[in-house]
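Below are structures written as structure tokens.
Two complexes are shown next, each including chain A; its partner changes from chain B in the first to chain C in the second.
This part shows the complex of A and B:
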């Protein structure tokens, strides 16, 4: 475990050094992210202030949905940014070298490129999230704990999604578009899932399951979930994570080292 | 014609990539459609838009984005950085005619697919739509569409020309895409914003890309549109001369190592 943490730390240090070599890029991407976030935040403020409620949620609740999405999305990008750089490894055959190393390949291809820029953006997201959560009138410790637990579950599901993307990358060398589609699906949950009609809503909640990943924590915080949905979500999360690991192992058996 | 043929060949070479990219546009449309549909539940109108007009606006900007914002001028930046632009400049045809042809081909393909997607969308969700019946409005609509296309072309080309001076060309384009998303009207009609912000936005080129043509289609020509149309023409002229100047300065300094 300590050995793995040391390798993780080493890769993260390299990644941070590489990122800060391109200073103009760093400043632009960071400003871009914050501008996009602020624009979206202002739009929600503007829209829900006029409509008073958005699909039954108050402005405060809608903002919690939005900030929860941003928090999980940024945490996933912070941890799994290396997935975005996976394709060249497959098409050049460099993945062979990764697989031959005496540590788990996920340390390199999944969490080997921690994005420090997302660490910077996580701070305001988290601060705002706490601010708006504390403004909920009927807040209970139980709901906060459930929210925190399902935030961690959301990050585990994000890991599972990224493992599936890596597996598809091994099988087809297609990574970039699949990653963007995953991000589009998650973006669809930046506002309350209740805005979608059935069967799309259930599909997003349990089918993919980005709903469990992003919308569920906020719903638990507001005390809006039935025990049935709660238990189903836990089962689906576990099955999805196990499936991603199974898929990765299966994909590796089909890997032909195309580039080497 | 050759550029169009090559663009189609390229499309069929990278089929999966193209299908996935189109799928992304559908997800975006679904998101915006349900966002605005849910806002209009139990409410006949909001921000001076009826549900019918706002849904029409969303579908219209989806098609217009495919037409106006799809571009191959991004390749110019990559060609400058790699030195491949030298191959084009040495050939016995105009480089800019090639860039424009590639752009038109790309737009045609994207619009074709976008219309197909919208038709499927309409068949599935059957929303009520607003149909403009005034012929003069259609004339102005197409004129503003042309202006929007020219403005988008020049801005994107100038972003690629940054490669003459710096290898960091993706970061400014990323910023541009963010501004496009919010300030061009791809997410919501700009005139729902507070009047002061809307007036300030009219002095930037963004509203003329897809918002103004959509607005003309939905509202027809009104006297209030005279200033925006004039400003869009002014932006066209400014960007033309700016592009010319940047190209001349850039090509003067340019050197491609090893070529």
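This part shows the complex of A and C:
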């Protein structure tokens, strides 16, 4: 475990070193991301401050949905940025070098490129999130703990999604479009899931399950979840994570590498 | 140390029909047999040259032996491990250097990759320092380790790749075209290094190269593979003795050839005054030389074995004619 953490730390340090070599890239990435975030935040603010309620949620609650999405999305990008660079690794055959190393390949292909720039954007998201959570009138410790627990669950589900993307990459070399589809689905959850009608809502919640990943923590925080949905969500999360690991192991047995 | 028994590898490849609809909805796949029931053993300390034309199955074999690929059928045992299980204890004892692939951190100095490998292979500080210094000295690479990898030439990068791969002193080293694309100086450096490294550490090395001179200088034993089948497995000298029936006679003439100079049809001559090259069967050498002494005036004569490339080419050509490619 300590060895894995050391390797993770080294990969993260080298990734940060590499990122900061491109100063223009750093500035454009950070400003692009913050501008996009501010525009979306203002849009929600103006929309819900006029209507007072959005699909039954107050402005404060809608902003928590939005910030929770941003937090999980950025945390996933922070941790799993290397997945976005996976395709070149497969098509050049350099994945071979990773598979030959005496460590779990996820240390390199999943979390081997921690994006320090996303860590910078995570700070304002987190600060705003705490600010709006503290403004909830009937806030309980239990709900906060459940919210925190399901944020972690959301990041685990994001890891599972990224493992599935890696597995598809191993089998088909297709990574970029699958990633875009995944991101489009998660983006649908930047606003409360209740805005979608059935069966789309259930599909997003349990079918894919981006709903459990992004919408569920906020619902738990507002005390809006029934025990049945809660237990089902835990089971689905566990099954989904196990499936992603099984899929990865299967994909490796089918890996064909590239010719010399 | 390495055992492969009835090893077969079949790749599934997408077969284009040319019809867009069929290709999209009823995609057809073909099985391509990359390895066809091959068997061999490699013992400790051996340096084996693994040669064959492009697509013969050399790299596939090495990738199966190192655990990158799963075999379709057959038995593989390396250091008493099954490579595809990728046990860390096994992976810590092998290294695979691919001449055409980069395994270093591209934007950072090679030293960073070495430090990473230090943690991955759990090398203690002292051993790491000593090994790095030793390898740097052997490869004359002191000035290169702190330069970003992307700024290194191919030859320099290959030296860094070798250091990174050998830090943990692997028992088995797979070298896949380590000199590909290198100039003659870089090639010589790498070849000399491999020779010295094997002598020092008694590693088992499996080497593929398209440059026969590399293989000739390093390997005593050759495994030749074509269309996924082994067509020769034995000592290089036995190969030459068995297949080289030809000798090359190089003569530097003092005067042009006389008009009545003629050689039998089966003897191939290349004449470009003052050079005369004669390619002949071993048993004709004595006759040719006595004929030359009578007929021409010359300043120099050398008799050489047929170049190893020619012998290998002949074997592959004859194997192509006799062995049909596996379906």
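Going forward, the second predicted complex is superposed on the first by the 258 of 260 C-alpha atoms of A that agree within 3 Å, B and C clash if a C-alpha of one lies under 4 Å from a C-alpha of the other, contacts with A are read in each partner's own complex, and residues count from 1 in each chain.
Definition applied: a contact is a pair of C-beta atoms (placed from the backbone, for glycine too) under 8 Å apart; a residue touches a chain by one contact, two chains touch by 3 or more.
For clarity, every value in this text was computed on a predicted model and none was experimentally measured.
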| item | value |
| --- | --- |
| Contacts of A:131 with chain B and chain C, given as first, second, both or neither | neither |
| First (chain B), second (chain C), both or neither touched by A:6 | second |
| Which superposed partner A:47 touches (first chain B, second chain C, both, neither) | first |
| Larger contact residue set on chain A - chain B or chain C | B |
| Partner chain in contact with A:100 - chain B first, chain C second, else both or neither | second |
| Touched partner set for A:17, first chain B, second chain C, both or neither | second |
| First, second, both or neither for A:178, with chain B first and chain C second | first |
| First, second, both or neither for A:253, with chain B first and chain C second | second |
| Residues of chain A that touch chain C when the two form their complex | 3, 6-7, 10-11, 14, 17-18, 21, 92-94, 96-97, 99-103, 253, 255-257, 259-260 |
| Chain B residues within the chain A interface of the complex | 16-17, 20-21, 23-24, 27-28, 30-31, 34-35, 37-39, 41, 43, 46-47, 166, 168, 170-172, 174-175, 178-179, 181-182, 187-188, 193 |
| Residues of chain C touching chain A in the complex | 11-12, 55, 58-59, 63, 66-70, 86, 88-89, 91-92, 94-96, 98, 100-103, 105, 107-108, 112, 115-116, 119-122, 176-177, 208 |
| Chain B-facing residues of chain A, complex | 22, 24-25, 27-29, 31-32, 35-36, 39, 43, 46-47, 50-51, 54-55, 172, 174, 177-178, 180-181, 184-185, 187-188, 191, 194-197, 200 |
